[in-house]
Each structure stands twice: as structure tokens, then as C-alpha cells.
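Have a look at the structure below before the remarks.
Naming follows writing order (A, B, C and D), and every chain is counted from residue 1.
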Amino acid sequence: MDIIVCIKRVPQTAEAEVTIDSSGKDIEKDRLSFDINESDSYALEEAVILKEKFGGTITVISVGYQDTEDTLRIALAKGADNAIRVKAEDFEHIDGYKTSQILKSVIEKESYDLIFAGCIATDDAYSQVGVTLAELLNIPHASLVINIDTSENRADVNRELEEGLMGHLDISLPALFTIQTGINEPRYASLIAIRRAAKKEIKVIGQEEINKDNLLLNTEIEELFIPPKTKEVEILTGSPAESASKLAEIFKEKGLI
Amino acid sequence: MKDKKTLTTEINPEIRDILIEMGAEDIYKCYQCGKCTSACPWFQVEIYDYPVYKFSLETALGAVASSEDKKELDKEIDLIYRCVGCEACLEQCPHGISTPNILRAARRLLVDFDSFPETLKSIVQKTHNVGNPFGEHRENRADWAKGKNVPDYQEGMEFLYFPCCLPAYEARNQKVAQATVGILQKSNVSYGILGVQETCCGEVIRRIGAENIFAEVAKANIKAFSDSGVTKVLVTSPHCYTTFKNEYPDFGADFEVLHTTQYLSHLIETGKLKINKSFNKRVVYHDPCTLGRKNNIYEEPRNILKSIPGLEFLEVEDFNRNLSLCCGAGSGGLWLEWDKEERIVNVRLKQLMDTGAEIIAVACPYCLQMFEETIKSMDTDIQVMDIAEILFECL
Amino acid sequence: MSDIFVLIEHRQGKIRDISFELLNCGRKLAEKTNSNLTALLLGYNTENFVEKIKSQAHRILVINSEVFKDFNSESYQIALSEILKKETPFITLIGHTACGMDLCPALATQMEFPFTTDCLDVDVVENKVKVTRQMYDGKLNAKLIIRENPSYLFTLRAGNFPSEESSLKTEIINIKSSVTEPDYRKFVEYIEAVAGDVDITKSDIVIGIGRGIKEQENLSMIEEFADNIGGVVACSRPIVDADWLPKDRQVGSSGKTIKPKLYIAIGISGAFQHITGMKGAETIIAINKDPNAPIFNEADYGIVDDLFKVVPVLKEKVMELK
Amino acid sequence: MKKIGVFVCHCGRNISATVNIDNVVKKIKKYPGVSFCTDNKYMCSDPGQDLIKKAIKEKKLGSVVIAACSPSLHEVTFRNNSVKAGLNPYLTEIANIREQCSWVHTNIEEATKKAINIIESIIEKIKLNESLSPVKVKVNPKVLVIGAGIAGIQTSLDVANAGHKVILIERSPSIGGRMAQLSETFPTLDCSQCILTPKMVEVSQHKNISLYTFSELEEISGNVGNFKVKIKKKASCVDNTKCTGCGICSEKCPVSVDSEFDEGLGKRKAIYSPFPQAVPNKPVIDKENCTFFLKDGKCGVCKIVCPFEAIDFNQKDEIIEKEVGAVIVATGYELYPMKNIKEYGAGKYPDVINGLQFERLLSASGPTEGEIHRPSDNKIPKRVAFISCVGSRDPEHHLPYCSKICCMYMVKHAFLYKEHVPDGEAIVFSIDTRTSGKDYEEFFTRAKEEGNILYIRGKPARIIKQGNELVIWCINTLTGKQLRVKCDMVVLSMAIVPSSGALQLAKELRIQTNSFGFFSEAHPKLRPVESLVPGFYLAGTAQSPKDIPDTVSQASGAAAKVLTLLSSDEISHSPIIATVNEELCSGCGICVETCPYDAREMDEERQIATVKEILCEGCGACISACPSGASQQRNLTDDQINNMIKVILQ
């Protein structure tokens, strides 16, 4: 089973102070750590699990700058066989839609049974690249996949819906799934695999292989701004009954109940 | 499926060589006596077998963290990150082999390849992103000093007081920083703080294996210190102490470092600090690994405590000074919080409580945090205090 | 000006709350653009649904077919693409839900509509469409300009357009459809999460308990409260240590990291290891006797009092208001 | 001018692989003064030597330079060879082109250049060499042996039996040393005292042995063949001519202190004889503990009870001066201090004892009369742990070397313990068991099998006292299992270190020790019983840790070496020593002060300095100190050295 996994290197902003740069359209990245996007690492792991079961190869693809190769190399250490970087520097202004188009023109030249992507990138939070890519490649898809049970040409997948509910689908292959976190436990790379990965070559693709004039951009950032938020604790006073009532009112007000 | 062999039968010289290059150079000295293993704090944790003595030989075979089986590899990496870096093994090793360093060599590779526990990954990222392992805002770094008349550091002051991240951000530990500046003010010492300009010393992330980010952090601090003309730094945490004193010079640092217990004992000895009140409690002192074993500071904390009138000074029999037992917080242990049956801190607390003490005196924010959190869930009246807090009460 | 369309989402025979939010947002957009709001309802036994949304849109386009009993984005895509081709609405809104995420990018791509997902707001200024959405773990908002086109497709995040009463005169148009479920993607069934198998990372409301609850018996009081407000119970380390709750309920550096909409910390003092795991919650409530407990540094609202006095009242009040 | 012949050795490929011999020969042939030069594969071989002899005769060579290995190896060979050809031996010199050239370089061109340089410098030296003959010294046939343990006893007996007088001095009140403390000896398990005491008696009765116990070497001067020694005989306060050794004094003495002989496990009195078979069997007063001395004459019970009026509180330390021709050092060992091993509670817990203490417990003459009772409560220990390499093989904290005997005595201890306490359990913690001696491995196997001794591979990290028991924390490194072994008593195989005072003695004797204080032998393989300083010989554990068989062998070896020295009346002494140009000497006397061998003295009448040739070791100190250039080293004069330097710097 040949699987392509689309991954993205993203700044780790969950625990960081995010500041807007002078252009007002991007963030300061100097002091941020970068790492594989969270759900992408689950997608990679799911591919490795299937490879262990069925054999085949795993190809990881990412549209990114030079340092993305570090992330791709980690993917190689964790079980991918091939890695491709599409040079982001060749394509100004990339949004989710454009990323999908770029990936499409690379992937359509490859052979595959399955394509995995993460269900959301933590930087731009679009949740669209995977599904768009499936549509561009004209293959069926399922997003937010939380369980996969596959045979040679069909897959039973569970999608994660809201409120603890899952939707069970039966999909023919080749197909694209966007993978939800928690589907598995991403593995560690062993030192042997790390050494092996260190020697592998990463294929780099630039604009010469992708006609960038045909690519469409859906969105452009006009401005970034910090959402208004106050974080001063408000102590609710009074008797237990009084303070509890006040709190209940707040719940109601905020639509939390 | 066939049973997989759990041992790699091939020797992998490439992994061995790279680990040696990364700091595991001691491996060939090992003669497999196993003293390290029974000296290790994990030996005292009833349900946990920690095979310290295997690491040298397995590194020499290139067989560290090299299982291709996911579960086995998980176990191996768990082992690599169990080490709390207390150096109890090194203290007794006949050949001076530093197992923490051997493990750190492997950790460095694993960190580069995103193959270490999530919890630790998060503290590496936080330290990198906001300059402290708790993910607290940088601009709040001096909040502990609000309303305490703590001056900003100016060139020409005698000391920079560097509280470390726990005393800067964590509520219980902030009291230690506050007591410390209280003492400094009462003894008319000229000192100041850098506040938002300071960054975590980076000790813990270096122990975890994040060498590159440590280097960044170290350089940032060194620059901040030298830009402000700092020549002497007073630290509350032994972890800052050892990093500044023993590791920063490799990155170009040129300043003197004093641990608070060193300086306070000096103030008492020279009569610059008068103790006015007595402290009528039984106090047991816990030697922090990083202050004691790593930096040989055993007497100063004892001298301070012994100079306080009324204080009955106690020692943990068999487990004091260089044979002290770690609290379990080092090298990431503070964050890893192993399952309750697997906590070194419980063993240590029992030893401390068995002395009949009313107060456990510590000289390290990690130990304070570890003990404070653990005694809360124990049925005991024993309290934990930093030596600076005890001293401050007696002024 | 062309119409504003919204897609009505339903599941297991019930219209989902997001649909009313979409209708509200749609009405506002229609008002602003001086156009009409059309609701798209693909379902089976749709009478009930129509009844619920009647008066909320100018038109309701209804396809009543067994194919649309349960959501299958491929079937929806086939049917919707036909409608959208015919109707060419200005803006179509879909909920940013598991359904919307599955459907929107594919449908828009097929239609070659510019689209974007997870919008907090959609605005039309001088015929230009702009959306506001969150990025970088919610730390920043971004205003986006969308490529110009006659038609747009957006998914809207829940919680920004609370449902409102409306009394529009609604035209109901039934459309016949021959769409069948494609063989390459078939919906099989819904699977309910196993009872007791709580995933604290996936719940919007989490109640965290700590040492302050003192006895294991007191846990039931908290569990009842959690049931009442539709939340789950999580805890700090000492509760797991005491074996009162399993390890997968632990929040913190050695447990799970959660980002619920509401986190209520009851009897938790707030060791940093715990705070690490829950500080990403949107709203944090702390109930603790000790006014100096570090948890109050993280909280939006706090009650400094005995939890055993506060929680029972709170439970009652919530029930009253619900 | 003398004709000079130069002979270049290939030393197989040792030299020729790095030095181009052809080029060397070509170049040297042309060097001024050289009348003959040739090469040979092995100059030291018979054909090589014949070649030189032939050349000396045929070419009428007046001096010979051999370019070969270090002079310390073959100088004697080639000089003797020249003598056979009728040449004075001091007209033959070696140019070292192996150790100083071929072995330490890789670049052939550079090495060849250097070899030529070295040879040329030696040619310059030999041009001014004189014919010399060795200085002859009379040898005093008496021998001093320091230390009367088994090594000192054996070596004294061997020398004395060969007819030479021996002065044997011993620091403690009795001879016998460590071996007297032992119970049984491995691997044969014969009783230590039973085999030792006959020798002790033999020493005491030997007509050629003068025994000085309670005595130490105070001072030594002189040189091989003629030493002057001063022995301090400490006041024992007992007149041995009157004392019969009846023991009443000890019985009545009111002061009781820890017995050194029993390693602190038993008591002795302030007037005491260390053990029943002590030789001499005369008590001594330990002034440090004697009430008479501590409290200004208040006591004196011994004096009152002695039926022979042998007690003499006024006895003073006595200095005895002797002259001897050779000295044998046999000062023995002691154990590394237990207090250094904090992690084992050693020195803190009474039931953690060392190997010698356990010997005393096993010994019938010991404090428990051979029954195993643990020190704390006299209970018979039912489980005893033996821990190896305590302090040994621990370069980081203690001592890097292997103490050699512990492995075997642990086997013995465990085995004997099982004999004494058959229902007891013996557990040995060790990393390796080294049984490199005749019948040792067999003994090890037998002991383990017959004694059911459990061997655990691992070095414990901690010993913790829990109630009445000791708990050993260890890991079995063969199984990986953690162990917490409870036991009643622990015996630590403490490392062996040289006796206290050995370093000071070495300084006095001016002989070298290694960094741990063990006396250094002249060559680790070929001269194991001689020190580097002529006239001093080594026996027993003073030189390195060793067991009884090795100690006795070395003691006999040292005796044989001494007897070789004493086999003629005179010994020769190298003539390469200082000489004085009387015309230049100003009589300043600096040389007299500088000489470490007392070989320089002033001729007060002529006001010039002279050389006592017998004492001069040719160290050269006086020559470099002499401000007027009057002092010169024979065949190494300032002129020669200057010429050598000049040619090297060319």
C-alpha cells in the first residue's frame, strides 16, 4: 500500500507570545519553535501503521522553506521512505487553496493508494487543504478521521463528529483522509532510524516543475490584530448562594449552558 | 507473528561513535560493577527497576534507543528520560562515569528528531518561546517583586539577584524570592534585578537534550548580563548556579556566581547580618543534588541553620551530604510526575519526616516545589521552607 | 444582488444549533446586501425541520429524499452543486462543523468559488467580501480579503451569532432530486461514544476537581453537577494518586492538555503542572477556600468560599436557568 | 689522534625501517676523525661483535662508536667486546639511534638526518674520552633488614644461613607481622601461625641475626657496600635481660586499650606482649596509655608486681649505630582506612568489619578464641556478606590498583565461616574473582561447592543499618535484578596500602616509590627485587600487594641478590665520576654543600676540594655548581659537552 502524507512545519504558538510583525500581516517568528503540525504527525503515524501491516511505501510531502527539510527528515526517521519538499520560496503568498493546487500538481505524478493529511494546521487553522486536494485529484475523501480499517481497495473509516458521536463510512480507494489527533499514538524515532534518515535524500521541487501562473489564491491577509481579551480575575462575592447565582448568570450570559 | 528478539544482535558502531561525540565518552571505563544502579534514587522506588549499569555497555554497542519495535522503543526512551540527573551514580562510580551525560548524548539526538516525551517537548518550546518553562508571560517575570521595593539592576551594583523561573512565577516559590530580597535589604546589600530582560538559565532544557535552544538561551542571558554590566550574580536556584558557574563560561560568560546560602552564610559570619529572633523548631536540612554533589556546597546551608538560635538542627541519617537522596525534580522530573508508586519524592519525604522534624529546610526551588506539592496529599504537619525564608523570619 | 444561502445542518432527526446561527448571520448579510436569505434543507421527512426554521428565511429550498437522511458530503456535494449552478447565490454559509469541514472545501473547489473556513464574521464592504477568522491557536485574529467572484462559500464558526427570533414570510420550495448515494463513499451508521469513555480533551465544558473535595464520596456531587451542565469531570494529580479518577482524567503536564470553552476548577489550588494543562480554556472559573491559591491568577471568575456550600447552590441555579 | 671506528646497527627493521642506514654510513665515513664505518643487521649478535673486534684489530682503531639502541641495554656488551679486542672499555660509546630516533619518528629523511647528528655528537665526545678503570670499593658483609614480617623473616634467614650477619629491625614489639594475625592461609588452609612461628623462633635463636624489635631506622648514610645506619630502639621500660616473660605485669596492669594485633576487636594492657607466641616474648610499655607516664608516676603496679625487678620506667630511647653493606626493605602493608568508605557505614556500624578483623575472629588466638561472634552484640552471625574491591580498583575515589589478595582471602573467609557456622550463609559480592596462583582456581571451585557460597556479581552501593541487621543494596549485574540483602555482618575486603611511614622511610633511603607509596623496583620484569638505588633491595608487600607465596619468593630473591653482592670482598664502581682540577679550584666549598652523597670534602690544608671516589655516584651536581670549572666529570667534560652541542646545532 503506497501512502502519501502531506505535512506542514508550523510555528508552535500554543505556549508562546505571538506578536505581529511590522507588515501587520504576519507574525514575528524569530523566537518561536517550529515543529510538525500536530495532526500531521498522527497522519504520518497512521501511514506507518498501515505500512507495517500491508507493506508499501510512504512518501511525505511538504510545501515549505529550507528548514522544512528538518521536519521531513524527522518523518523519514519515523518511518517514511521518501520525502519531497516543494520550495515555498518559489511561490509568493500561499494560502490553503494554493497549497492544495501545488500539492495536486506534485501528487498527480505519483502513484498512491491513500493520501493522508492532518485535519487542521495550528497556524492558519483552515482545515481545508486535505479536502480541497481530494477534490482536485478527483478522489473520495473523509475528514476528521479517527479510525481506519482498510482492505485492498476499500476502507471503513470513522469520522469524529461532535458530542462524542462518530460517523462510520465505507470508502473506495484511492482516497484521501484528513486525520484527527488521537487516532493513534505517534511513535518515537529510534537512533538507528535517525541515522538512516540522516543519510536519505530529500527531493526538492521548485517552480520549474509546477506552473505557478495557473495557481489561484483565494485569500489574502489584510491585517492581523490581537483579539480583545481581558484576563483579570473577577471575584464573585457574597454568601455562597449569592456568588453561585452570579456565576450561573454568567454562564447563561455567555451561552455556556 | 514471530516473537521478536528484544536485543539488537549487531553492534552499531555508527551510533556508538555519534553518542561518544555527543558526550558519552566515558563508556569504555565501565567495568559493570552495578554500583551506580543501587546508588540511583530509582533503586529506592519500590516498584521500579532502573538498569543504570547497562547504559554504558549498551552505548558502547550502539544499542541505545534502537529497538525497531514501537513498544520496546517507548520503554527505552522512557528509561532515557527517567534519569533525574542527580549524579548519585557518578558520586559512587569507581571510574567517574557520568551516566547522566551518557544519557544526555542520546537525548540530544532524540530531541533533534522529535522523539522525546511530549511534556518535555512543551517545556523546551516554552523556554524557547517565552523564556521560561511554564509558558508564563515574559512581562510578568518581575511580578513577584511588585511592592517590595526591589530596584532594577544598575551598573555598579554589587549583585544581580537572579531568582530563577520558579521563584519568579510560581506562587509558593515567589515567597522565597521575596524573603531573599527582604534579607538583602535588611543587610543593606547593593543589588538589583533584571526582571523582563532575564531568561530561564536553560538548565533543565539542556538536561533534556535541547542543546541548541540551550545555547540560544545562554547567549541571550550572557548578553543581557554583560549589556547591564553585571559582574556578580546571586542565585536562589542551584540549577542556575551550576549552569552559570560551570556551563556558561563555555559560551563566553564572565561573571561571578554565588548561591544565596553561600552569601547569606558569609553575611552572618562577618556579622553583617544580625539574627534577632529565635526559631524554636526542629529543622531537617535536605541537600539538593545540584548544590551538594555537583557543587560541593554542604556546609554553608548548615552554618546558616546552626547559627539561628532555638533551631534544633537535624540530619537524615545515612542520606545526607553527598549521599543525599534526590527529590526527583531534576532533568525534567518536575514535569514528568511519574505515577504515584513511582515517585522518588515520596521516599525522600519519608526519610525527612522520620527524623521527627517540624520543618524541612531546602535550598532549591525544585525541591521546595516537589516537597510542597507532595506533602499536601500526606497526613502530616511537616512544613517545607527555603533557608532564606527561615532566616528572614528571624531578622 | 444575488441571494445569501445557508445550509441547514441536522443530525439524527434534529436540526443542529449551528443552523440557527447560520440563519441569523445570513439574515444580517441579506439585510446588508439588500438581498434575500435562502435556506437549503436537504433531508428526509423534512416537514418537522421546515416547521422549525420557518420564518427564519425568505425561502427554503427543500430536497426530501432518503439519501439525505444522514450526512454524506459526496451526496450533498452532488445535489448542492446542481442547485448552486442554477441559483448562483452571492454568499453561501455552511457551519464550521464536522459536516461543513467535510463538504465546503470540496464543493467550493468543484464550483470554483473562492472560499474560506472557520470564519468568525463575514462582512461585505463596497461589494468586497471580507472575513474575520482566528489564527495561531486563537492568539490572533486575521481580516482576510477574498478573491473577487460572483459567488462565495464560507464556513462559520459556532457561537458568534446566537440564534434570534425572526418572523420572515417564508416561501417553501420543494425540489425533486434523483441523487443517489455514490458507491465510492457510503454512510454506514452513527457510532455513539461508549458510555464512561470520556475524552476530556474533546468536551466543551470541563469541571476540574482537586484536593479540596477531600473525600471520594464527594465526587458524586461533582459528577451530578457535570451531567447537569453537560460537562465532564477532570482532575489534578492528587485525585489520580488517590485512585478516585483514572489517569486519563488528569489535566496537567503529566496528564492531558485541554482547551474547553469553560473550565471550572473546584478545590484546585493550581500547581503549575496543573495550570499548564488548562490555561488554554476560554473561560476559567475557580472555586477555592484559599484566596491566595494560584489558580485565581489564571481564572476569569473566582469564588472564594467553601466548595461544599457553593457547588450545590450553583447546581440548583444552573438548573433553574437552563 | 685515535682512529675512530663507527658501527651502525640496523636492529632488524627497528632502526633501518625509519633511518636510511646507507646514507648514514656514507655521511659518517666522511666525518673528520672517522677512519672506519660499517653497518650490520644485528651488531649485538656474535657476528656483529666479531666484526667490531676484527675492525679494531685490523684497522687499529683507538676508539669505537656503536650506533644502536639505548646504552642501558647493550653498553656492557659492546664494552666487554672491545676489551676482548684489547681496547679500554671507556673508549667505546653508544650512539642511541633507536629509542631516541627511529622509534619516535616516522619521516625517514628527517630521522636519518637526526641519526647522523646523534652519531656525530658521540664521535665528538669520544674524541676526548680517556682510558679509565673502575673504582674498587670494599664491601661490608653485614645486611640490614627493615621489617620483620614474613618477608623480613624469610630474607633474614636466607642471608644469615649463607653465613652473613643480619641486623633485623621491627617497629612493633614482636616480629611476625601480618601473617601472625591470620588464621588459616589459602589455598591450602594450613594454620598461619603454625607455619610462621617456627621461623620466628629460628630468627630469635639464629647466631647470625641480631634482632631489634620496638625499633626503627633513624638515619642512614653511605653507599652500596658501606652504609652507616642509626637505629632507634624505643624504650620498652622493660629490662629484657631480667624479664622472663612471665606475664604477671600485664595481668595486673589496670589499663586496658584496644589491641592493635586484634584489630581493635580485643583488648590489651598498657604493658603488653602483643600475642602469646610473640618474639621476643618480652612485654613493652605503651607510654601513650600507661598511667605512670600519663599521670606523673601515679601507678607503677607492674613495677611492684614484677618478681624480677625488670621494669625500668627510666629507660630511655637508645640509638644504636651499625655498619652494613646492603639493606633489604620489607615494611609490609596495612589496610586502607575504613572510614573512607562512608556509603558502607564502615567505621560507623560495628558489624561492618575489614578482612583482618575477620581473620582475628577466625583465629583461635583471637578475641573470640576462634568463634565467630559479631562485634556489636556477640551474636553468631547467620548471614555474612563479603564485599570485594573496597577501595581497590576505584581510581575515581580511592585507589586504582587491584589489591591482589582479596579475591582469594574472601574465598577462604567464606569457606572458613561456613566451617565455623555450618548453618550460616556466606554471600560474596564481587566484580571478578581473580585466582591467578597455583591451585587457587581449584580452591575457589571447591570452596564454592563445598561451602555453598553464593557469589553475586556486583558492587553494592549502600549498607544501611535496619534494627539489628545490615541491609546491602546491590544489583546483580548478571541477572539485572535489584537486591536488598539483609545480613548480620559484613566483611569488607579493604584495599592494601603501604605501611604508614613507608613514604618517610623511602625518603630517608632516597629510593623511589610509586604514587601510592609502594617501593619501586628497578625494572618491573627483569629486576623486580632491587630498587633503582644500588644496595637497596625489596621484599614483600612493601613493593606491591602480594600473597604469602609471592612474598616469600621475593624475600628469597632479595636475599639471593644481596648474597651476590656480598660474594666478593669488593665491588666495582663506575669511574665516570667527578674529578677536580686542582689548579682551578678556589676552595669555595660549594661542591661540598651540593653533593647529595657526601662524596666531596675540603682538603683544609691545601684549601681545595677533593672527591671521595668510593662515594661519588657521578650525578654531576657538583660539576654544574662549580663556579670555576674546576670540577669535571670524567669522559663528560665541559669541552666534550660543548663539542657535542656544537655539532648538533650545526
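Basically, a residue touches a chain if its C-beta (ideal position, glycine included) is under 8 Å from a C-beta of that chain, and two chains touch if they have at least 3 such contacts.
Here the structure is a predicted model, which is why all the values come from computation and not from measurement.
Please find which chain has its CA centre nearest to the centre of all protein CA atoms in view.
Closest chain centre to the overall C-alpha centroid: B.
Which integer distance in Å separates the CA centroid of chain C from that of chain D?
Distance between chain centres, rounded to whole Å: 90 Å.
From the C-alpha centre of chain A to that of chain C, how far is it in Å?
Distance between chain centres: 20 Å.
So how far apart, in whole Å, are chain B and chain D when each is placed at the average of its C-alpha atoms?
Roughly 49 Å separates the two chain centres.
Nearest whole angstrom, what separates the Cα centre of chain A from the Cα centre of chain B?
36
Which residues does chain B have that touch at least 2 chains other than itself?
122, 135
Multi-chain contacts in chain C: which residues touch at least two other chains?
Only 297 qualify.
Check each residue of chain A and list the ones that touch at least two other chains.
Only 13, 16 qualify.
Give the pairs of chains that touch; include all such pairs.
Final set of chain pairs in contact is A-B, A-C, B-C, B-D.
Tell me, which parts of chain A touch chain B in their complex?
12-13, 15-17, 31-33, 35-36, 41, 73-74, 77-78, 187-195, 197
Quick check on the complex: what are the chain B residues that touch chain A?
8, 12, 14-15, 18-19, 62, 64-68, 70, 73-74, 76-77, 106, 109-110, 112-116, 121-122, 124-126, 128-130, 135, 137-138, 213
Write out the stretch or stretches of chain D touching chain B in their complex.
It is residues 342-343, 345, 389, 393-398, 431, 457-462, 464-465, 473-477, 480-483 of chain D that touch chain B.
For the complex, which residues does chain B have touching chain C?
119, 122-123, 134-135, 169-172, 334-340, 369, 373, 376-377
Which bits of chain B are touching chain D when the two form their complex?
So the residues of chain B in touch with chain D come to 31-39, 43, 49, 51, 53-54, 92-96, 318, 322-323.
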